[in-house]
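Both complexes below contain chain A, partnered by chain B and then by chain C.
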Partner chain A sequence: MAARLKKLARLFALYARMDAQWFAQDTALCLVCVLSETLSSIASVTAVFLLAVRFGGVGSMNQDEVLFMLGFYTLSTGLYNLFFNGNNTGEISRRIGRGQLDHCLIQPLPLWVQLLTEGFLPISGCQGALCGAIITAVAAGRLRLAVTLPSLLLFLLFLLASVGVQVGMRYVASLSAFTHPVGSEEISSVMGNFLTSIGYYPLGGLPHWAQGLLVTVLPAGCLSWLPSMLLLGKSPFSGAMALYPLVAVLVCGAGALSFKKGLKVYEKYGSQRYKAMGHRS
Partner chain B sequence: MKQFFATARMRVKESSTFGLVNLLGGYLLRAAGTLAMLMIWRQLADGSGDLGGMTLEQLTTFTLLTTILHPMLDVRTPISSWLHEGVLIGLYQRPMGVLEQLTAMTLGGWCTHFVLLSAPLALLTPLLGGFLAPRSAWFFLSLPLAVVQGFCVDFLFGCLIVRAANMSWQIECLRGALTGLLTGAVIPFALLPGKVGQLLSLSPLGTLAGASLSLYVGTGDPALLLPAQALWTALLLPLSLFLFHKSTERMMSYGG
Partner chain C sequence: MKNMARSDTRQWDTAVELHGVCKTFRQKQTGDGLPRNLLHPVYSEIRALDRVNLTIYRGEFVAYAGPNGAGKSTTFKLLCGMLGADSGTVRTCGLDPLRRRIPLMRQTGVLLGSRTELWWDHPVISSFKWKKEVWDIDEKTYARQLDLAVDMLDLGPFLHTFARELSLGQRMRADLGMMLLHDPQLILLDEPTLGLDVLAKRRMIDFLKSLHREQGRTILVTSHDLDDLTEMAQRIVMLAQGRIAFDGSLPELRAVAGSARHVTVDCPACPALPGCTHLKSEQGRHTFSFNPAMLPVGDLLAAISRLPDVRDVQLSDAPIEGVIADLYRSWKA
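Here is the complex of A and B:
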């Protein structure tokens, strides 16, 4: 176990060094990336915040609670970018559809270790997480939330669950890339776009069936709305505190199972995307 | 024109290259997103009653139209990805202008969206609480202006990508986030606080989607919006053409 953790740490350090080298080699380009990522993170949630300011809150959340939720969302999607944005480890259907799993399968490392570490971008991909942390801290201050060890641990657990849902749903969708490599090359990003386009709206006023749908089958509400409501002590329905981590575990499990099932297809048929001349069809 | 339509047809056929799963999956998720937005507006209307001078019917129509007319209100030619993939270089070898090819390809690409998403949503609009006929006939003048302006903005972003040495992905991300907020396509300007909405509605990005949509639902003032649209189009059209031709020599690609 210790040896495995050591190896993971060594790989994370390796990818961090590679990202830092990019910064050193092309500072201007990297700074533009940093700026673009920062502006994107803030701009994507500004509209909902302005809406909350205009109406004094949205969907049973007041203005500051909406800000807290948007901070949580930015932090969660920022962490996804930080750990899974590099080398398409999150948008996994691209690698499957393009036949690039071959590159991984010949490495002397377990596949899960590669997929867990290859996406790490601590220099060029950390801006969303930083913005999210600042927004959340400001909102928590305005709401005068008591920061205790249990509440902090719960916050971290929910953050982990939120990132898990984002990754898990992309991996669930990726199953079709094993069987339809051309048609489903972008299916993970389609799923990701759906989650992130709904994930920052307060869903409090929606009918219960719609809320149920958006925290289970299409769990966009698990990105920030449900965890924020729970952290603010405003559980939207009974059993939500237990349901949320359960949904995250189930989504991650379904993602892992889908990927494993797809790998069996891949082992049997491989990828037929590459022509003899090396170009992708 | 024969070349133009042949190129557009090529794009229609290309739309299905990635297969039905990808095509329908994306549209279904977008439709689900639109329906979720409609429910969010409904809860806002129930809670507040004040929707910035808009009725729920207008807001519903506005949101549905955002999806129905999406490719026209946020024009995306393939220029950014083709610069990155090196496809654009090949367009110079064809007996047709590059901008004309990009325009034809873009118009062709709209067909699948209109057939698979816009048409069903338009049919459902009355059932979902919206209305089909525009409240102002000025919409029919505003929409073509928005489309032309959209092409100009897209070409300008293409020039920026050329200037920034192919940072397509970063510029696309930034553009996606900014256009969501500044074009008025996601949240109507009327719902924004203070003077923010009024200021944005007359800006070059704000007139892209916000102008046509607000005229359609009858909340926009044509005396203000149409001159603003005409002004931005008159400025952006020559500017984008000039900068695009200036950028030609700087184009480079790593190729796919």
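Here is the complex of A and C:
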């Protein structure tokens, strides 16, 4: 166990160094990327915040609570980008659909270790997480939230759950890339777009059945709305505090099982299709 | 993890062992009309490998050849653990590639000619350092293998160049150098000379030969260029329609294919040579094939000496490409 953790730490450090090298080698390009990502992170949530300001809140949340939720969303999607945006480890259907898993299979590492570490971009991919942390901190200050160790741990647990839902759902969708590599090459990004385009809306105004749907089967509400409501002490329905981590665990488990099942297909049929682009660009 | 992997790196005498290996793929066929495609899709079965038995011992240099679709790449993928066999046994370095992929990859070097393992947006040396970390290569081995690769493959001039800026020949050399960094005992090369110019190809062949001769590495190589394969390898294994159609040395291959020889006569008009088959005439050089068993060389030369205006005569073996093309045609018939 200790050896495995040490190896993971060394691999994270390796990919951090490689990301830093990219920054050093092409600083101007990297700065432009960082700036545009920062603007994009802020712009994506601005519309909802402006609506909240204009109407004094949205869906049973006041404007500061909406800001807290948007901060949580930006932080969660930012962490996803920080850990899974590099080398298509999150958009895994691209690697499957392009026949690029072969590159992983010739490395003497378990696949989960490769997929957990290869996407780490601490320099070029940290803007979203930084913006999210700042927005969340500002919102927490305006709401005068008491920061205690248990609340901080709960916050971190919910962040982990939110990132887990994003990764897990992408991996569930990517199962089809094993059987239909051409048609499903982009399926994980389609799933990602679905989650992120709904994930920053306060869902309080929706009927209960729609809320239920969006925190279970299509868990876009698990990205920020449900955890923010729980952290703000406004549980939208009874049992939500237990349901949220459970959904996250189930989604992650389904993602892992889907990938494992897909690997069995890969083992049987392999991939007759190979695209050189995009694996390590 | 590291300790576990190290303990799996044990000695083996048989590098590759395939016993009764079958592998069949299904291909969906597009039929007439949408309803039929949706409700009753038609599949055809392609038997990529059909009861293949093959043993390669430590220290052998084996060429694995065959026409397109013969099953070469499928065999490679089975040996690397990228595919599972439908039936039969596959062992690489004494290990089951599917179940023991990680220890296997510590002692095996794989180069897929059409793909690169280099990091595209990084200098070549960064990819090498990446490999050192991922493969847990110790400093001593890394320094020794890096020196070897830089020296023999002449990587020095582009070691700090971005992989995306390399020519194809440079990229292949860099990939080969990277493949060697963990000092693999078994080397699997799929089309390593693909797309290389004459000079780059020569360098690659010389390198592989010296790697085998001086370091005793076990090498299994595929290529479409049969002249390259026959120059490199001691043993040639040929696949046809998923089965091993030939397994032996180059002289044995020539014997199987028939001992046809060529004679080229340099004279103004194309002569008639009884017992010979005219192949081509170019700028006063006329090439014929003949079978020495049917037409002794002495008789042939006597017949040529009686021809008027003969300026030169040249005898040669039939090119191996032609020999093998004839074999492929006979297997398909």
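Following the convention adopted for this analysis, the second predicted complex is superposed on the first by the 273 of 281 C-alpha atoms of A that agree within 3 Å, B and C clash if a C-alpha of one lies under 4 Å from a C-alpha of the other, contacts with A are read in each partner's own complex, and residues count from 1 in each chain.
Assume contacts are C-beta pairs under 8 Å (C-beta built on N, C-alpha and C of every residue); 3 or more make two chains touch, one makes a residue touch a chain.
Worth saying up front: this structure is predicted, and the values here are computed from it rather than measured.
*Asks:* Counting only touches as set out at the top, which of chain B and chain C does A:L39 meet: first, second, both, neither?
*Replies:* Touch status of A:L39: first partner only.
*Asks:* Identify the partner contact of A:L14: answer first if only chain B is touched, second if only chain C is, both if each is, neither if none is.
*Replies:* After superposition on chain A, A:L14 lies in contact with chain C alone.
*Asks:* So, A:G59: does it touch chain B (first), chain C (second), both, or neither?
*Replies:* It touches chain B, and chain C stays clear.
*Asks:* Check whether chain B or chain C contacts more residues of chain A in the superposed model.
*Replies:* After superposition, B is the partner touching more of chain A.
*Asks:* Please work out whether A:T27 is in contact with chain B alone, chain C alone, both, or neither, and reply first, second, both or neither.
*Replies:* neither
*Asks:* In the superposed arrangement, which partner chain does A:G270 touch: chain B (first), chain C (second), both, or neither?
*Replies:* So A:G270 only meets chain C here.
*Asks:* Indicate the residue numbers of chain A shared between its chain B interface and its chain C interface, in ascending order.
*Replies:* The overlap between the chain B and chain C interfaces on chain A comprises residues 279-280.
*Asks:* Spell out the residues on chain B that touch chain A in their complex, using ranges where they run on.
*Replies:* 17-22, 25-26, 29-30, 32-33, 36-37, 39-40, 42-44, 46-48, 50, 52, 164-165, 167, 170-171, 173-174, 176-178, 180-181, 186-187, 191-193, 196, 256
*Asks:* Within their complex, state which residues of chain A touch chain B.
*Replies:* For chain A paired with chain B, touching residues are 29, 32-33, 36-37, 39-41, 43-44, 46-48, 50-51, 53-55, 58-59, 173, 176, 180, 182-187, 190-191, 193-194, 197-198, 201-207, 210, 214, 218, 220, 279-280.
*Asks:* What residues of chain A sit close enough to touch chain C in their complex?
*Replies:* 3-4, 7, 10-11, 14, 18, 21-22, 25, 101-103, 105-110, 266-270, 272, 274, 276, 279-281
*Asks:* Can you list the chain C residues touching chain A in their complex?
*Replies:* Contacts found on chain C: 1-3, 5, 25-26, 74, 77, 80-84, 98, 101-103, 105-106, 110, 112, 114-122, 126, 130, 133-136.
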